[in-house]
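Common to both upcoming complexes is chain A, partnered first by chain B, then by chain C.
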Partner chain A sequence: MPELVKLTIDGKEIEVPAGTLVINAARQVGIEIPAFCYYEGLALQAACRMCLVEVEKAPKLLTACTLPVAKDMIVRTETPQVAAARKGMLEFLLANHPLDCPVCDKGGECELQDMTFRYGAGESRFSEEKQHIEEQQWSPVVFFDRPRCILCFRCVRICNEGMGVAALGVINRGARSEIAPNKGDHLECDECGMCIDICPVGALTSGIYRYKTRPWEMEYAGTICTHCADGCKTTLSVRNGRVIRGNNRDHSGINGEFLCVKGRYAFDFLEHPERLHQPLVRRGVELQHASWKEAVALVAAKFNEVRERGGAFGVIGSARTTNEENFYLQKFARSWLNTNNIDHRRSGDVVALLDALAGLPGSLATTADVYHAGAVLIVGADLAQQHPLLSFQVRANVRHHGARVYVVHPHPQREDKVAAQVVRARGLAGIGQIREKLAGEQSLVVLFGEHIQGADVRRLVEMLPATARYVALVDYANSRGALDMGLLPDLLPGYQPAPAPGLSLQEMVGASLDVLWVVGANPLQGRARASGFLVVQELFLTETARQADVVFPAAAAYEKTGSFTNVCGEVQRLKKGPAVAGPKTDLEIMGLLARQMGHELAPPLPEAVFEEIRRSVAGYNIPYATFVTGAASATQYPNGPIARQGSSELIRSARDTLFTSGTLGRYCSVLNSVRERDLVRVEE
Partner chain B sequence: MYNAPHPLEVRILTRRFGLPNSASIDTYLAHDGYKAIEKALAEMTPDKIIEEVKASALRGRGGAGFPAGLKWSFVPRQSPKPKYIVVNADESEPGTCKDRLLMENDPHQLIEGALIAARAVDAHAGYIYVRGEYRYLIDILDRAIGEAYQRGYLGKNILGSGFDFDLHTHSGAGAYECGEESALLESLEGKRGIPRIRPPFPAVVGAFGCPTVLNNVETFCSVPWIILNGGAAYANLGTRKNGGTRLFCLSGHINRPGVYELPMGFPLPRMIEEVGGGVWKGRKLKAVIPGGSSCPVLKAEETNLPMDFDSLQAAGSMLGSGGVVIIDEDTCMVKAALRIMRFYAHESCGWCIPCREGTMWLGKLLTRFHAGAGTMSDIDLIRELAQNMLGKTFCPLGDAAALPTISIVKKFREEFEEHLNGRKCPHEGKG
Partner chain C sequence: MASKVQEIIGAASAIAKGMSVTLGEMLSPTITEGYPDEPVRFEQRYRGLHVLERDENGLEKCVACFLCAAACPSNCIYIEAAENTAQQRISAGERYAAVYNIDYNRCIFCGYCVEACPTDAITHGHGFELASYDTASLVYRKERLLAPRP
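What follows is the complex of A and B.
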């Protein structure tokens, strides 16, 4: 612990650790010192001069954002002199500012507007000609309006320090200074929109949101990103039932201010013209529109018929449906369709990891651990492409805590730049080269990709210090939850052994089953169906849906309540954003089928199913209060050997990039538009 | 080249100026050259060198007048990192043109000064950061540095002492701001020339994150003489706390403009009348900018001052970088303010709001005002805007823009009023 320093701010005495900046010390006693360029976690600038304060015995005003506390310091943040300085700064800022608030996207949530309201002058004394510069488009996502820019350099820093991309810089000098892409007139970057999000004014705007609405005309739903497994919180801004914007509005949740391009912008698949709104039933060779009633009756009758004659079912679930839906699906399959032929597309060997961690409790890393650990080992994964949040956490850890990063991967990747050591080799052999160094790391977090699977996972755990914590990287928003909920032919929820293991996904798609039921997956991509009757629940007419006998239009995760479990095993709550007409949630569809079949499964309500999960699935007895307030709860793992009867070789990551997201990603116009200028994908 | 010397000069730093081949090492060696470093290496401990410089009351010649010996003593003795010497040869302050003469006429004196500083703080590498527009000086300096290497005054094991020192030139790219020490260091490191947050100061965290002695050219050039003749002798040349001589750059409306080496504390009236030969064209003196364009102007009646740091400060101005600009009675002070503001608006690095926006605003406002489109309230606005900049900018460039402006409005308000109501500038065309 650093020593405590006592000081007085506006007459309030406080004690804070040495090294604390006055601006943060003030916050602790509820005094908000205005600031534009200061941004917690990013390099100090002292550029905007908004945070000037009076310090006793100092000959002039000092910037609170760069001033460390000192013993017995006396700070005053609201004196006439300070007020005059602030007013002066705002007057300077507004001199060349276009004052087009009525049409600016930022109007209503603009820091300059707020600040002017609080401290500014009512009218402008600037009667010279303003410098006008045309608005520029730098990418499909990023637009820049120079006259609105107050040159706080937040965008430059978040891109450079936060993202490790460094796509933005400053050109010219003096009043002609401009933020500009380092590539000249365009960006080659992650398109994450972090720069836009962090911009205090409306200088950076997004092609997705600009000029669409005003902030006060929207409703907000904080939910979880539907794309990768990292589980970022994203707030959907909804107007008239349409999602207009995604951002992590209150910077809460495991990702703080972070979102990648997918969590922030890739929501327009919801409104894709090919979105299914009505059930489809095959009549002759053609799939034709049908009523819900007809489609449900047809499927229920078929299911009952096959069930009664003891026919073969196959069930393929999803890595993007909720825990509640996955739990319900496997229960439906196992208890009612009497089959263990249930699986989903597996992308990382979580099962082998949990098995290997038997007897090592507390050895799964949380998202926060990736930020706090003394060292991070990344093996066989391109984190910046596949796990943007974890990649962000790693960089933040290096910046703020000086973490040592080890990269073991045959190909170059962004993490190399912050690495203490890079080993250009694969998996365990690569780790072997730095084993001694790693042995000395007492606070090590290990992130490993799909290549380490089966027995190698155990070897990995044996090679590394017993205190190490792990993340088995998986692909999608609920990949981890699908495993936990027992969408596996050999394991029930909570990794309990299934009495008689069923067929794997790969086996099911090739087998001549009587019924194949696919919920939110596209396993027949590039192959013909082998089963007798195919039922698909989907958002789009995918390659699989196209071959179906019945297609139910499903709601997307953004249109549901429920929960996801992220790559680190943290459970978070989904909140329904837009209302959707036509499609139903997978849970509702299953509920309709069960009722039609005359089977009394638990009520298909997310809350009820979640309660059952909390009661019955090992490790999921998480605090309800944490869950409903939108925070992440880490789940526990069995901490005992897992009786696996299947094989790990079936595991295969889709290896999405920043700009792809499996089948879903193909229906996101933003991703399509930036993909062409994709960062060179690190292919294995 | 440089102007004819004046009998009132006390030629310490300029004593070799005018000798044939004054820039060559042979000339230098024939006139005390490299004797100081010999002495320092043979007879003096690093601490003793610093003591001597402290005793000399040598104050930084770059503008701020910070005591050089004191600055050197801030460099940590024990440092796990290498230490550096950086020579500030960015000389860009309007009215200042002395460093250039020192480098052009006697580059070895600078090299020797830097070398002694290196010895004092145990640095083994140094850079001369040369103003971009002074490209031709880089050739002269490089030639001199080459000679010094050849004769063993630079490089490994200097004069058999076991002490190593390498010296390099580095060209600026044309920004006044890069003369500000921390922006200079950024630029030296290949980044945008933006000042750094201080503390830490360069003596502790300077070039490449390492302890660094950074001084003006003239400051370094004073060191060999101090080492050879003793700090006390140097101090005695000047006034209290203002040791030695200084190169004053007399310019503007004066009969004999030029660079003159005069003792610290030399009376300004004598500098104008006797050394400079008086105001040109028989006109009367209106004002003096005593230390480069960053200083508040002095009205003619305020100029009875000894030219040292403390006296100028007491008079509400600054000795600055030694650029003494003489302004005659037929000069429009509004135009002077405008000319100065244009310079700072052009040179503001753009980092901080008050300087970036303030200089832009004042530049536009003064342009309009001088053209006769000003109002009475504009006069107060000019002063208020400058006041809003003063003391609130990230680096002193903002103050440098505000101070002369405030002083001109305050001291020559009536000239602003003469421009009101669309009236033509009364001094226009007087040249």
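What follows is the complex of A and C.
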């Protein structure tokens, strides 16, 4: 604990830890010191000179954003001299800043507007004409308007320090300084849009939100991103039932303001022209539109008929449906269809990890742990491509706490740049080379991908110190939740052993079952169906849906309430963004089928099912208040051996990059429009 | 006798005085509006039906900044913005109003929208004949609000 320093700001006495900056000390006593270039978590710049304050015994005004507190310092932030300095700085900033606020997309949420309103002069004294430079488009999602730029360098710092991409830079010096992209006239980067959101003015604007609406015209729904497994909170801005943009300006959620290209822009699949809005039923050889009533009656009759004669069912769930839906689906299958033939596409060996951690409670790392740990070991995963938030957390940890990063991967990774040691080898063999170093790490977080699975997971846990915490990396938004909810042939929810193991996904797609029921997955990509009757719940007519007998149009995660469990096992709440006409949520569809079949399952309401999950699934008894207020709650694991039955199979990651997202990614025109899509790949 | 004469003169002068006012008013210009037989005359600042103005080149002045909708106390303005292209230029700025509706069921003619407009695109015209049996017809679209091309 650093010692406390006493100082006075505007007559208020305050004690803060030594090393605190005056601007932050002032915030603690409710005094706002205006600043553009200061940004929490990024390197100090002192470029904008807005935070000038008067310090007793200092000859000139000082920048509060670079000034650490000192003993008995007396700071004044509201003197006439300070007010004049702020007014003067704003006058300079506005010298060539065009007053095209009515056109500018930042209007209404612009920091320069707000500052000028509070501290600026009413009129400009410049009579010279402003220099106009045409707006440039740097990528499908990034536009740059040079005259609007106030050179705070926030974008340069977030791109370099935060993202580790360094695609933006400053060229020239002094008054001729300007922000420039890495490829001359365009950007080749992560297209994450962090620079756009961090820009205090409208210099960097989004191509997706371009000239669409205004911030006060939209409604906001903070939900969880439907793409990768990191579970970032994205706030969808909705107008007239359409998602206009995604961002996280209120810094809520485990990700703060961080979002990658998928969380920020990849919501346009919702309005893809090929989106299904009506159930489809196969009549003869063709799939034809049908009413919900007809389609539900048809499937329910078939299910009942096969059930009564004891026929074989197969159920394939999804890594993108909610916990509630997955729980309901496995319950439906096990208690009513009398089958354990239930599985989903597995992408990381979470089960082996939880088994290996039996007797080691508290050994799963949370997203926050990745930021606070003293050391991070990354094995067999391209973190920057597959887990952008964890990658961001690792870089922030190195920057703020000097964490030591170890990378074990046969191919170069972005994390190599911040790594203390890089091992170009695969899996355990690579870890063996740095075993002594890792043994000395008292606070180690291990992030491992598909290179370590099966028996290797236990060997990994035995190799590393007992204090190490782990994350088994998985692919999609609710991959972890699907495992927890028992979408497995041999394990019930909470990893309890099933009485008799069923068929796995690979076995089901090859077996000639009487009914195959696929909820939100595409297992028949590139292969023909072998089952008698195929029912698919999907957003689009995928390769699997095309072969189906009945297709139900399903709602996307952005159109649902419910919960997701992220890669670190943290449960977060989904909030419904836009309402959709036609499709129904998977839970509703299952409820309709149950009712039509004459079976009384729990009511298909997300709240009711979640309550049942909290009561009955081990580890999910999370505080309700935390859940409903939109915060993340870490789940507990069984902390006992997990009895696996049948053969453990090969687990493969889909190896999505930043610009792909499984089936969903194929229907995101934004992801498909960026040129980097063809340049990056995740090495095996 | 004298008093009788005086009384007659007094009455006559009173009549004459009264009639002079009447006759004088009969000859002065009328202030009663002849509406609907004659067109109505308005004060310059009368706040009637809105007009979306055009500039001297015939381009729309509105850049869809949404400030009128933000200022509107009865929430009767609905806008959808879009971007001008080189092929299709609607307004002088980079953006224009693809949809601009005013709901005259709700408009209270306060004039805040006109005050808020940074480009002088929306003004009050003198139109006032708004009575209708059908409230749906009182939502005016941009095409109805736009000033004719110069």
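A few remarks follow.
Rule of thumb we're sticking to: the second predicted complex is superposed on the first by the 672 of 684 C-alpha atoms of A that agree within 3 Å, B and C clash if a C-alpha of one lies under 4 Å from a C-alpha of the other, contacts with A are read in each partner's own complex, and residues count from 1 in each chain.
The rule is simple: a residue touches a chain if its C-beta (ideal position, glycine included) is under 8 Å from a C-beta of that chain, and two chains touch if they have at least 3 such contacts.
Treat the numbers as computed from the prediction; the structure is a model and nothing was measured.
Judged by the touch definition given at the top, the superposed model places A:R615 against neither chain B nor chain C.
Of the two partner chains, chain B is the only one that A:V170 touches; chain C does not reach it. Once the two complexes are laid over each other on the shared chain, residue contacts for A:C101 go to chain C alone; chain B is not touched. Comparing chain B with chain C, more residues of chain A are touched by B.
In the superposition on chain A, A:H132 contacts neither chain B nor chain C. Listed in rising order, the residues of chain A touching chain C in the complex are 100-103, 107-108, 135, 210-214, 216-217. Listing the residues of chain B that touch chain A in their complex gives 175, 177, 192, 197, 345-354, 356-361, 364-365, 368, 381, 388-389, 391-394.
On the side of chain A, the complex with chain B involves touching residues 44-50, 52, 60-61, 66, 84-85, 88-89, 91-93, 95-96, 125-126, 128-129, 131, 150-151, 170, 172-177. Partner chain A is touched in their complex by these residues of chain C: 63-67, 69-70, 80-83, 93-95, 118-119.
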